[in-house]
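I'd like to ask some things about the structure below.
Chain IDs A, B, C, D and E follow the sequence of writing; residue 1 opens each chain.
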Amino acid sequence: MSQIQEFEKVLSGSDTNVAAFEEHGKSFVKRAQHFLHSTPAAVPLIVLVLSVIIFGIAIGGRFFSSYTLTLILQQIAIVGILGAAQTLVILTAGIDLSVGVIMVISAVIMGNCALTYGMPTLLAVVVGLAAGGACGLLNGLLVAYMKLPPFIVTLGTWNIVMATNFIYSANETIRDADVDAQAPLLHFFALSFRVGSAVLTAGVIAMVLLVLLLWYVLNHTAWGRHVYAVGDDPEAAKLSGIQTKKVLMAVYTLAGLIAAFAAWVSIGRNGSISPSAAVTDYNLQAITATVIGGISLFGGRGSILGTLFGAMIVGVVSMGLNMLGADPQWKVLLTGVLIIGAVAIDQWIRKVSV
Amino acid sequence: AGVGACLITKTDTNPFFVKMKEGATAKAKELGVDLKTYAGKIDGDSESQVAAIESCIADGAKGILITASDTKGIVPTVKKARDAGLLVIALDTPLDPIDAADATFATDNLEAGKLIGAWAAATLGDKAKDAKIGFLDLTPSQPTVDVLRDQGFMMGYGIDVKDPNKIGDEDDPRIVGHDVTNGNEEGGRKAMENLLQKDNTINVIHTINEPAAVGAYQALKAVGLEKQVLIVSVDGGCPGVKSVTEGVIGATSQQYPLQMAALGIEAIAAFAKDGTKPKPTEGKNFFDTGVNLVTDKPANGVKSIDTKEGLAKCWG
Amino acid sequence: MTEQAVLTARGLTKRYGRVTALNNCDFDLYPGEILAVIGDNGAGKSTLIKAISGAVHADEGVIELDGKQVQFKSPIEAREAGIETVYQNLALSPALSIADNMFLGREIRKPGPLGSWFRMLDRPAMEKRARDKLTELGLMTIQNISQAVETLSGGQRQGVAVARAAAFGSKVVIMDEPTAALGVKESRRVLELILDVKKRGLPIVLISHNMPHVFEVADRIHIHRLGRRLCVVDPKQISMSDAVALMTGAKKPPEDALAA
Amino acid sequence: MSQIQEFEKVLSGSDTNVAAFEEHGKSFVKRAQHFLHSTPAAVPLIVLVLSVIIFGIAIGGRFFSSYTLTLILQQIAIVGILGAAQTLVILTAGIDLSVGVIMVISAVIMGNCALTYGMPTLLAVVVGLAAGGACGLLNGLLVAYMKLPPFIVTLGTWNIVMATNFIYSANETIRDADVDAQAPLLHFFALSFRVGSAVLTAGVIAMVLLVLLLWYVLNHTAWGRHVYAVGDDPEAAKLSGIQTKKVLMAVYTLAGLIAAFAAWVSIGRNGSISPSAAVTDYNLQAITATVIGGISLFGGRGSILGTLFGAMIVGVVSMGLNMLGADPQWKVLLTGVLIIGAVAIDQWIRKVSV
Amino acid sequence: MTEQAVLTARGLTKRYGRVTALNNCDFDLYPGEILAVIGDNGAGKSTLIKAISGAVHADEGVIELDGKQVQFKSPIEAREAGIETVYQNLALSPALSIADNMFLGREIRKPGPLGSWFRMLDRPAMEKRARDKLTELGLMTIQNISQAVETLSGGQRQGVAVARAAAFGSKVVIMDEPTAALGVKESRRVLELILDVKKRGLPIVLISHNMPHVFEVADRIHIHRLGRRLCVVDPKQISMSDAVALMTGAKKPPEDALAA
């Protein structure tokens, strides 16, 4: 063995301190910048508060009525829950175009099990959840094991599930009154609570709790970190010992399961169960909420709390425009402007903070 | 503030609903009603209509005029509005069940269908027995308008409809097939192309409305089959009537959306004043705004008006 | 050598399209030794260790760990068998923190029900151990252990990857150019670390282009050329110049070199 | 200056040959693999040929009639052109949800200019093209200079353009007969040619020529290489001296321009000009064609020829299912299966080839 | 030194969030010299050259090229001013071929109307020049010049990036650890290349952790520590050990070192 090189011998005397650059100005602005930078959900929250204030000023007291504000929450409950499912998938750098139809078919299955086949309602719910999970599992298998692009996989399952939904249900709507009479548990999430003068439905509470739960899982469990790692750099994740396939499988399955849970909530909201809800573009709404909430479509970045705020931003804006009496097309136009505006503000704040 | 009212249409792309909105807006201005308008993104988009109804309640409106995309699915939300004390009137498309709304102002859609069916059969004469018929319907959920017109056409033509509440359970060999159009041109074109691929000897086409008929005609023209096919439709908008003049459409059942809208606004204004609710037409469970068959080739035993009169009465 | 090898490979071949990266390559690692692998750029060194650690699948050839044939389908399986690897491209997740990266796939959970039921991560514990490890390795030129890896300098990242492998390897530690991006001081620490790991009885595979370092720490040197093992030499019996001459093709290997 | 290290002195004698590993087996299979690997458009082409064969067998001679085959081409002409626009954008790792509505508004503008404002038809076409280009430019500005995510930007402009379209046009359809009478040039792309027994429209020919032109530009000009580089790794592209912003601007503007060109072709195909075409999901169809054609949604990979084949695959499958008399819902279902199937085959072939 | 500097920087400061990567840093490069920049990992060397070459914008400070103040808004502007840089992360486009990468942003077009009207690339010409350049640099261990860069080994990629800068630099060539991933033979070639470039009269900035190499080729050594220039030393008058001691903080700089 040869000798250590001469110049390396001096190293024993070298500085062993941790490098400590002086911290620069601790002004309020700097602190705010750092906070915004390290708290990805803060930006959509600020945009949300701003839009509430703006519409509040424009519309006046009516907008702040507890009825209006809680109505907004009720209106976004489903998109919020679907957005949570979408967030999981997008964090892995994927996309799920099928969550919307998975929700619809799960609702139809729950309804048919309880009313047509006469199962106990709880069992019917479980079957519906299982169906949603199974659709998600199919997505997961195709994405993780066959390595197909998520966009295409879920575009395919979207078509498949949509058609199955119409064929299976023969387009028969299950009526509100029948649900109430035979399987009231399906209406569980319509339960409402009065807190002061605000009215909250169980569905709204479920959405908030679900997002909080997922936030905990994503940030404080190993599995959650793995989801981020897989989305960030799948190759690195795999080399550093993460079972990327299992993570992807779990994420898509969970997304399906959450969509089925959204189905239960939607039965509460709509009363009846209608297969034709499949034509509504829930996916686009969920994706919009997710992206406005600051989740990067390239994976690995963002906080699920942002999605919740993103959904609320969309809800506030569309309710606000309604109350201002905007014409439907002008409303569409302004929604477009606001989508871009919200993200522009987000980007601007982030830029300042670097 | 004046009386608040809402108009919720299926889309605001179909000229029929554009006119309906114009009519309602004009009448609202006249009566000092504060009208807000909403629309679904495409025909069949019920979620947007649900959100619209909720906004109307939040807004303190007195009444809602709605053309429902999902005639069964929307019922519980309509109930919420009525429970909150709003007057809900279905325009153009009855809810299912029809009494889920306080009133319905609409064309007699079954009659509209029967008229074009009977006209088609009479025009074909002997050839009616072995015609090849295609149906360009509305959406997969089979809303009431769709069922009424489709089954009405069959009744008028002389086809056994089996269950009159259901499209597609018939077994008459003359039926080539059904396809959905979403009530717009692009959908009409696609659906027509699909049916042609099944059987290109088709010679009769029932279309849910005129936008779908225009699309179907384009598909036929593209393959040079426009002469072989008899197209019938429902609507009677000005472009549609012109198409009848030109022979593009054989006959169309004309409806009167401006009237539906105006009557609807008046009803809400009256309800806001003293709580009176509108009454249906004698002998029917809805208020019939009337229908006329428009054609330049009148057929025996089917009452019709010519395109000149049609143009005088047309909208849009 | 009569001692049984920890890790052997025979006849490994790996083709990428028209390129043959490994061409009937052999490999042996003996207990407790530091085996250096040297060779020109593109000679196939990284491909060799990827094949051994389950990151790529060889088209042909067999691998044995402790005399038993193994076939790792993924790096996880190799890791579970005790083989820890620092890949040339590092394999860190840019958006995650240093601590999260070090414990990726083997996180520490909070003690008690919080950990077992709610599966809550013990962040403070992980951060403490990460900081200790980096400090121990003298790689602690980092201000904030919860900083995202993407904000680190190239050398700092390298340090994190090396620290991770050293902290967790239980049977074999493989390092693909671990000091390539490191400064003089940091490289020195890594070499000391390699010697430490060796003292713990673990054999190490070290790929490096730094000849003085290789000759300083290696027990044997595997010279790789054109996708195969050209020969194995003993650094005590050969000069740096000769090793370089062999590796670059300036000289032919002696007949008995394979037995070294 | 110190001396060169001892061991480096031997290098003068080192092997200076280019490393030359022996080439392994030149069997047919290996050659095919290499060909497929290095020719990204080959895979969708094979899938296309396979689907033609399968439907040909299932349906028989009718399917091979020149009528059917050219009808398929006519049906995909618009999606093919929009897919070409989409391909440019996706190659830069972006996405353009607005190409469909840009097409519709451009058609409406061309129609109104020619018929309502009485401009010379050629000028009307130019105005329409300019409008499409302007929409694209807006997308480009927001993506390149404001650094907003393309998905959100084009979701926003989609809403904005859609609404503008309806407000501007007041939903009035311009009738076929009127176009024919007053501005027949707008119907230029409906011109049809008989080649043997096949009937090709000018629109179909325009689509093919456009794709070939873009293929040339992407592969044989500097700008084309820059498009790939920007999509591949924008940071690296910038550091190696590419004006990434200008490239992005140009790509989105060009996409808008191509969409406006699709508008002209669509007037030929539809005869009339209908603002309500805006509700059709052209974007999803164009994206589907692009992705089935092997263009990676992550940018920088794939050949635009693949998009052409991708559009044809979709066209062949849907026509084939029609001719087999599939029920509409079963058709949707099978389309879903086929989307997944096509990409699975693609992936499988690629895997074999590595 | 009385000669006018080609490139100078004064008071450069760059902060990333709470990290100060450059802290009031100075820099001078004189005509025709090879200036080595050495320092610990994370000392701020890469940030310094990024600030100089337009890849990042300093928060404070001024930069002068040939005595005229410049402010490059992007690497392109620096490149147009004649400053060619090999970045530590290479800046190659993985999916493009070696030839395409070398000519990115300055492609050669076919002669005649094909080039001027149809703007057609002259692939054969670019591939030939790329192959010549790589061969000249002895980096031609690559089988196929139209191969995608992502299929190259780490060292091979490094070679492509170095060859690109050497081929195109006209005023200053900056290399951030150009030999980090290179083999013995390939590193040697890069050093020879650096000396070649110097012979052409171009000044070179070389960031490297390889002390023997630095001392072999450098005319002056800029020692970077904690975000700023600690001192500048003359390799002929200082030992490697002293330089390393300064750079790692084991020793304080002499008073006059800045004048070196």
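To be clear about the criterion, contacts are C-beta pairs under 8 Å (C-beta built on N, C-alpha and C of every residue); 3 or more make two chains touch, one makes a residue touch a chain.
These figures come from a predicted structure and were not determined experimentally.
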Legend entry - Length of the shortest touching-chain route, chain A through to chain D: 1
Inset, instruction - Please identify each chain that touches chain B as well as chain E. - result: A, D
Legend entry - A-C or A-E - the one linked by more C-beta pairs in contact: A-C
Legend entry - Centroid spacing, where centroids are CA-atom means, of chain A and chain B in whole angstrom: 38
Inset, instruction - Averaging only over C-alpha atoms, locate the centres of chain D and chain E and give their separation in whole Å. - result: 40
Inset, instruction - Take the average of all CA coordinates in chain B, do the same for chain C, and state the distance between these two points in whole angstrom. - result: 73
Inset, instruction - Any chance you could list the residues of chain D touching two or more other chains? - result: 5, 7-8, 11, 14, 19, 21, 166, 329, 331
Inset, instruction - For chain C, jot down the residues that touch at least 2 other chains. - result: 16-19, 40, 42, 89, 141-143, 184-185, 211-212, 240, 244, 248
Legend entry - Residues of chain B whose C-beta touches two or more other chains: 12, 41-42, 140
Inset, instruction - Would you mind giving me the full set of chain pairs in touch? - result: A-B, A-C, A-D, A-E, B-D, C-D, C-E, D-E
Legend entry - Contact set on chain D toward chain B in their complex: 67, 71, 74-75, 166, 170-173, 175-177, 269-272, 274-280, 319, 322-323, 325, 328-329, 331
Inset, instruction - Within their complex, state which residues of chain D touch chain A. - result: 142, 146-149, 151-153, 155-164, 166-167, 284, 287-288, 291-292, 296-298, 329-333, 335-340, 343-344, 347, 351
Legend entry - Residue ranges of chain E touching chain D (in the complex, touch as defined): 55, 74-76, 79, 85, 87, 89-96, 100-101, 104-107, 109, 118-121, 123, 135, 138, 140-143, 164, 184-185, 188, 212, 215-218, 235-236, 240
Inset, instruction - Enumerate the contact residues on chain C facing chain D in the complex. - result: 15-20, 23, 40, 42, 211-212, 226-227, 239-245, 248-251
Inset, instruction - Mind listing the chain A positions that touch chain C in their complex? - result: 1-5, 7-8, 11, 14, 16, 18-21, 216, 220-223, 225-226, 228-229, 232-233, 235-243, 300-301
